[in-house]
Amino acid sequence: MELETKKISHLQVGDRVDCFLIIKRVDLKTTNSNDKKYLDFIFGDKTGEISAKLWEVPAAMEEMFSPGDLIKVRGTVTSYMNNNQFKVDRIRLAQEDDDVRAEEFVETAPMENTDMLRQILNYLQQIKDIDIHQVVKVALEEKQAEIMYYPAAKSNHHAVRSGLLFHVLTMLKLGENISKIYPQVNTDLLYAGIILHDLEKINEMDASELGIVKEYTVEGNLLGHITMGIKNLEKICDKLGTPNEKKMLLQHMLLSHHYEAEYGSPKKPLFLEAELLHHIDMIDARVYDFTNVTKDLEKGTFSESIFSLDRRRIYKPNL
Amino acid sequence: MELETKKISHLQVGDRVDCFLIIKRVDLKTTNSNDKKYLDFIFGDKTGEISAKLWEVPAAMEEMFSPGDLIKVRGTVTSYMNNNQFKVDRIRLAQEDDDVRAEEFVETAPMENTDMLRQILNYLQQIKDIDIHQVVKVALEEKQAEIMYYPAAKSNHHAVRSGLLFHVLTMLKLGENISKIYPQVNTDLLYAGIILHDLEKINEMDASELGIVKEYTVEGNLLGHITMGIKNLEKICDKLGTPNEKKMLLQHMLLSHHYEAEYGSPKKPLFLEAELLHHIDMIDARVYDFTNVTKDLEKGTFSESIFSLDRRRIYKPNL
Amino acid sequence: MELETKKISHLQVGDRVDCFLIIKRVDLKTTNSNDKKYLDFIFGDKTGEISAKLWEVPAAMEEMFSPGDLIKVRGTVTSYMNNNQFKVDRIRLAQEDDDVRAEEFVETAPMENTDMLRQILNYLQQIKDIDIHQVVKVALEEKQAEIMYYPAAKSNHHAVRSGLLFHVLTMLKLGENISKIYPQVNTDLLYAGIILHDLEKINEMDASELGIVKEYTVEGNLLGHITMGIKNLEKICDKLGTPNEKKMLLQHMLLSHHYEAEYGSPKKPLFLEAELLHHIDMIDARVYDFTNVTKDLEKGTFSESIFSLDRRRIYKPNL
Amino acid sequence: MELETKKISHLQVGDRVDCFLIIKRVDLKTTNSNDKKYLDFIFGDKTGEISAKLWEVPAAMEEMFSPGDLIKVRGTVTSYMNNNQFKVDRIRLAQEDDDVRAEEFVETAPMENTDMLRQILNYLQQIKDIDIHQVVKVALEEKQAEIMYYPAAKSNHHAVRSGLLFHVLTMLKLGENISKIYPQVNTDLLYAGIILHDLEKINEMDASELGIVKEYTVEGNLLGHITMGIKNLEKICDKLGTPNEKKMLLQHMLLSHHYEAEYGSPKKPLFLEAELLHHIDMIDARVYDFTNVTKDLEKGTFSESIFSLDRRRIYKPNL
Amino acid sequence: MELETKKISHLQVGDRVDCFLIIKRVDLKTTNSNDKKYLDFIFGDKTGEISAKLWEVPAAMEEMFSPGDLIKVRGTVTSYMNNNQFKVDRIRLAQEDDDVRAEEFVETAPMENTDMLRQILNYLQQIKDIDIHQVVKVALEEKQAEIMYYPAAKSNHHAVRSGLLFHVLTMLKLGENISKIYPQVNTDLLYAGIILHDLEKINEMDASELGIVKEYTVEGNLLGHITMGIKNLEKICDKLGTPNEKKMLLQHMLLSHHYEAEYGSPKKPLFLEAELLHHIDMIDARVYDFTNVTKDLEKGTFSESIFSLDRRRIYKPNL
Amino acid sequence: MELETKKISHLQVGDRVDCFLIIKRVDLKTTNSNDKKYLDFIFGDKTGEISAKLWEVPAAMEEMFSPGDLIKVRGTVTSYMNNNQFKVDRIRLAQEDDDVRAEEFVETAPMENTDMLRQILNYLQQIKDIDIHQVVKVALEEKQAEIMYYPAAKSNHHAVRSGLLFHVLTMLKLGENISKIYPQVNTDLLYAGIILHDLEKINEMDASELGIVKEYTVEGNLLGHITMGIKNLEKICDKLGTPNEKKMLLQHMLLSHHYEAEYGSPKKPLFLEAELLHHIDMIDARVYDFTNVTKDLEKGTFSESIFSLDRRRIYKPNL
């Protein structure tokens, strides 16, 4: 069988391939029955992930690979526990003259990050209240480097490179379109709430420039991005001299945007824009997940049970 | 003190008034301490409701009044348990030469019902799938009389004359605006789901042409509007020969649109348009309630605890 | 060691056997460490199931077997993760001159299906109300083929060939015996509810004539047997011209028979016969499960933790 | 208007009556506005209860009445808060020469208590296991006086004179009829469980010989009838030398018969007879409540919301 | 009957009294039946509260009284809905020459506030970590005026003058005594957590110098004292340059001290001292409530159902 | 590589060791791919547990080992599924001349059991009420043998040899130190409750003299230690003639000490000492678990997710 270059989502049992991939996880392990060492990988590219094994590890290779490395790999696709698995025959780090860039092998939001940022700044311009405008501007500037590549989550919706920018931008568009129908909505508050609501995920999770989250930070675990966001607003507003009412409204929007106590919001939304922020967040998360889950699904069939959608199996209508 | 003509929401303790009102409830009762009969009313107009008493009832008046009657009433505003109460001095049924129409004394949606229906039919025109189009068209035509005046609920959001039309129309606008951002949305399904989702409330509740719900019907209590809607689609599709897949998708949208089992949906939404239908329904209900609750509230203060909003006290930002 | 013919429930580690079995599941897989293909089976007979492996698969055999096939198999019983496992040495499809019938190798209700049906029709005869009688009669006739072999569930109680018939018949007997104590019970309603309550499981699940459920149907997943049953009654009653009150009562019985919202009933039972239907359903399910779980248990010991019984470990009294 | 003798359930606003009734509660109170004392009663008879007031209380009457007293009363039926109320004109204690018995004015089980006890002892005779037989016999004998008149509850199902006997007897009949269908049921265990399950309600609640519960006892509040029943079995079995296995099985039946932790059972039923005991208890409670709630209801209408039935409004089918 | 001076907890129906009391609430109302105005009060003293009415209000008195006023009042104790009520005959504001102080008429913690503060500062001295010591010192100094008189709650445990000081001091003693048994406890963290945990209740609730809470503040409603406390620590630590780890630990203790999400803690305690803080808070609250509820109870009897103790009725052992 | 003697908690992948260990579990199994038998062990010592395999089992060794055996074992530490695993090269039972005692290889409470018992008896001496004193004394004497070595749980807190003694003693110290702050506490009741609360765990679980729990007893499964404890008090008090009030109070303390229905307490604590018993139990359990979980953790890091702490990952502060 010929060697092929294929994307992960197209691999089938029996394929023999030779391609560039990203290492997302790597562990050195020992086999059960005969004490031999092997490398246990998860590889990824723009289209998905696959578990992989290198069964005979030369001593020199034991410590060669790390998560985030771009590698060239040759091997065969097998099946294990009903999932595809990659049996590695050869593997090496990508070299300069391979002329490939790691960014091309990670899942990324479907728009350029610079373009997304520009559009978000456009919305910022529409915040007329000078105090609120200033607070949002400073908060965005503090994160200007990381926001370009951070995902919006470790493993749920928008868990891709620049996913946070994409999530925020789409929510702003939703906010704009919904506000057209309800003129009573204060778009200053709503746009500010949207831009600020997840910003501290940047300090809650530790992600590489490829948008891959390694782990939650200590502060992320002890406090969480909602509390961290409120703390950060406290410091920014303290410096800017933001009037207390406005600071409080923004902090309440952050505090309440998960809606239910068991999802991390000790207060439910108490004014209209806080209420809308939650629903807009939900809609964008759910549209992302439903779209993602069904994109490779055959019409008239159901997906696997999806943990982040309350274990529902999603259907692709046969229309 | 002069007699005044005031709207209910403007009444204050001590006011002496003379005005036309609608009877929303009336009971003949006997006082505790001295066996005297009195009439216990709830009056309403476009701006709200007030409890009222007629303390000395001439025998001829004992059976004179019914809910929905338009009456002319004179009396004083007192306070009972921290709420306003109306002490009736004189009361009579409105007469032809009073030249007033009951419609002017009930809360009504803020658009003309004929205009709303026209816009809804416009959305119907945009449903390109001929089968789905037909089903929705027939379902709407069946209810063409009642939909002009039915409220969307007995006491929650959109519980006003023509409230159901208004709720459906606003949801269609939301559906349209949200779909612009997500081109993957099938607007045929979404618009159909929106128009159909609450139609059987017309048979679940028994309402007068003033849009006042007297009670739930027996079928409403035993089955509920979700199950009744599915049954009705079953008959319509049976007659039209609608393909099974399309019938099933529409029925699933009805079945799942309350989302949680404890709110009446035995299945959670399993495709994108069903998921969106729920969120659009929520947004329109919540915007209605938040707006309604805060409309007479002073800035910087909280409303009473609102039962339909999980007992939250809603805040009016001081901006 | 001699070759034996044993039933699955009697197999012990170390047994070498040669017997006929049914294939309940089969997958072609590849071993982890050496790329060799093997067949991963679940075999079954009247007494239970066992996992099995064929480690060296001739190419000709790779696609030879399907679920539901009756096969002749020789091999050894080993232990894996504390469960018995079957290591296949030889395997072939049963042939005509083996003179064995697949029906003899699947778990089946303990009465003849024709006999059960006859008894159910006897109960049908006792429904005196002509409208209700007609509805039940038509509903049963529509399913007259499938009801002979359908199980009552995929993996819970009565998940055996003709299990649905057996469940319905036993419930009818319960209904009769309970009604003797409470003369206020309307047995027309109760018997009708019992016969109808699970009929649409036949369209909710896709089962073979051996009573083995392959999967849930699309409609089963999107709507569920309760909603499907109500729809079906709607059509039958529409055709028969059943009075609305009677149709509604039957539909309410279906709607409420799971009792709790989280088990699929949006309404709790609102009249006596609907309430009884639920309890009778529960008793028959629970007696089945308790009896099944303890049938091979030693006195004075506990079963494994049983998922369908809230993870209880059932005890067999030492009397 | 003529004076009438009517049963409480037949009273209508405006009736003037003269009849014997039982005092179920009495409090001396003072009016709000003029410091006058009045007596606030609840009266009862075989058919129900009514609230009553005596507005001008002679000093001599202030302490004359107690709960359980049989009185002769004359007065008028008025309406207060949509309920009937009794305005007392004259009242006195019943005297010997009135020739009326208090028993005739309290709700009572529909069978003679001696007859019910006889039938229960018949079931006791059918318990063949000598140890279990002895335990149940002793437990019954200990309560032989109180069981003749105790109700089964303070305000829920079977809250009438001799209600406990009636509940136990009906459950035994259910147990017998259900066991005919499932021969695997051990009727020794089941009958014993039924007879024993609520016996300690006699010590949990303090009831008069009229079957009226005054209050829960201290031990009832601190431990509850389930724990008290287990304690009592411990002492009885200790004295009789009952084998440990049998004692444990009976105690587990008591412990688990409320099924859910939040209803007082720390363990769910772990063998078949314990499981059945719960369902039989439920059926008899529910049939009692549904029957009671609908007995005076018009066909085709709903009852009030019933607290003990999860606030359901029960329907009386229009058949 | 003689006029008496009695404390509220000793009043009995029929008493005629003349005494000083505090007004806790006052409303001008109009009677139902005859349009007369009356004043509806709640009076209080060190021993409890009583509802009161002044039935004939001279015009001059209509606006004379406010919550917190100390008044001299004469009247009679009547009974209304099973509770004592005070019928006012005469009432006037206390005057200088009455020589009474309002403080003597409000419930107060059982220690001098200066003494409690001194002991708390002693514990502060035992915090050896200089960073943590500084943070706690500054936080306490910011509130040095209000902490002298603030209660710990509006209506639950320690809802008395200086109740917050008393609650904190008792918790510190508990913390000290528990830490003696577990030497692994870091008392710097534990004492800091105890002193800081409820400090922002001072800004969450608006209380007078008598320790009477009028209402929750806007910020209290929108954010709550947990979030407000974290914000305040953020600012204090920012100014002091507190190392991040220490700030985070203190903030996590505040965030998690209500333990359950539904009680306001989005994170459960993740280190030992945070875990202990919660349990120490619970113990002090519960001992306060149990002691308070049973203090006037007779031995061997139960209290009323107590809302803040999950509606339990508390027992006073008969020892 | 040299052979070493190491404690389990110090083992690292690649170590070759030779040491004494305790067998905690042993199963004879057969490999999947080649039918070879192997022994699957769990070994333990004072510092923890490790899974182990003996791949080639001589026939003579197949039945040689049992849980609780002390063995001498030589082998290598490998890695399986991210956990250490022990590959056994040689194994034999410890012999007399090895001069090692099994007690030295099981986790044990950090104090001598005789010393702990002596201190507990000291607390018993402080129970002044003669009736309560007697009850506790008898209950302790009944268990005097088993209490010396029983653990307090199968796998949660204090699941070590003599863990029950240690748990009770530490709770008594807590009870004493807390009571110093609240003089209203009746220490007779509190100490009695503490000593008695878990005593019947000795009959609920079947543990060896090494403090290793093999399984729950039948009675433990059917009734649980709370109900068993109440039964035992019933018998003791019956013999001693303990006054009913005291017996009831002690039984209520046992009944309510798990606090929540879903954790096994059908009643919540209804007097102060019962309430305190629960919190003292919680504190000691939680301090044990937090300490245990973090003892080998690096500062500034989180533990694994801990099942018994609601799956929290515990943090070790970096101070």
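Note that the chains are named A, B, C, D, E and F in the order they appear, and that numbering of residues resets to 1 at the start of each chain.
Note that in this section a contact is a pair of C-beta atoms (placed from the backbone, for glycine too) under 8 Å apart; a residue touches a chain by one contact, two chains touch by 3 or more.
Predicted, not measured: the structure shown is a model, and the values here were computed from it.
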- request: Would you mind naming the chains that touch chain A and likewise touch chain E?
  value: B, F
- request: Treat each pair of touching chains as one step and give the shortest count from chain C to chain D.
  value: 1
- prompt: What is the chain whose Cα centroid lies farthest from the Cα centroid of chain C?
  reply: E
Field: A-B or D-E, whichever has more C-beta pairs in contact
entry: A-B
Statement: Greatest centre-to-centre gap (Cα means) from chain F is with chain B
- prompt: At what distance in angstrom does the C-alpha mean of chain C lie from that of chain B?
  reply: 46
- prompt: So, what's the distance in Å between the C-alpha centres of chain C and chain A?
  reply: 43
Task: Find every residue in chain A that makes contact with two or more other chains and list them.
output: 218, 221-222, 249, 270, 300, 302, 313, 315
Query: Are the chains arranged, by touching, as a line, ring, star, complete graph, or other?
result: other
Task: Could you please write down every pair of chains that are in touch?
output: A-B, A-C, A-E, A-F, B-C, B-D, B-E, C-D, C-F, D-E, D-F, E-F
- line: Interface with chain D, chain E side, in the complex: residues 13, 31, 53, 55, 76, 78-80, 82, 85, 87, 300, 302, 313, 315
Field: Touching residues (chain side chain A, partner chain B) in the complex
entry: 129, 170, 173-174, 177-178, 180-182, 184-186, 189, 245-246, 249, 268, 270-272, 275-276, 279, 282-283, 286-287, 290-291, 294, 300, 302, 310, 312-319
Query: Touching chain E in the complex: which residues of chain D?
result: 27, 29-30, 32-33, 35, 218, 221-222
Statement: Note: in the complex, chain A contacts chain E through residues 218-219, 221-224, 226-227, 230-231, 234-235, 238, 244, 248-249, 251-252, 255, 261-262, 264-267, 270
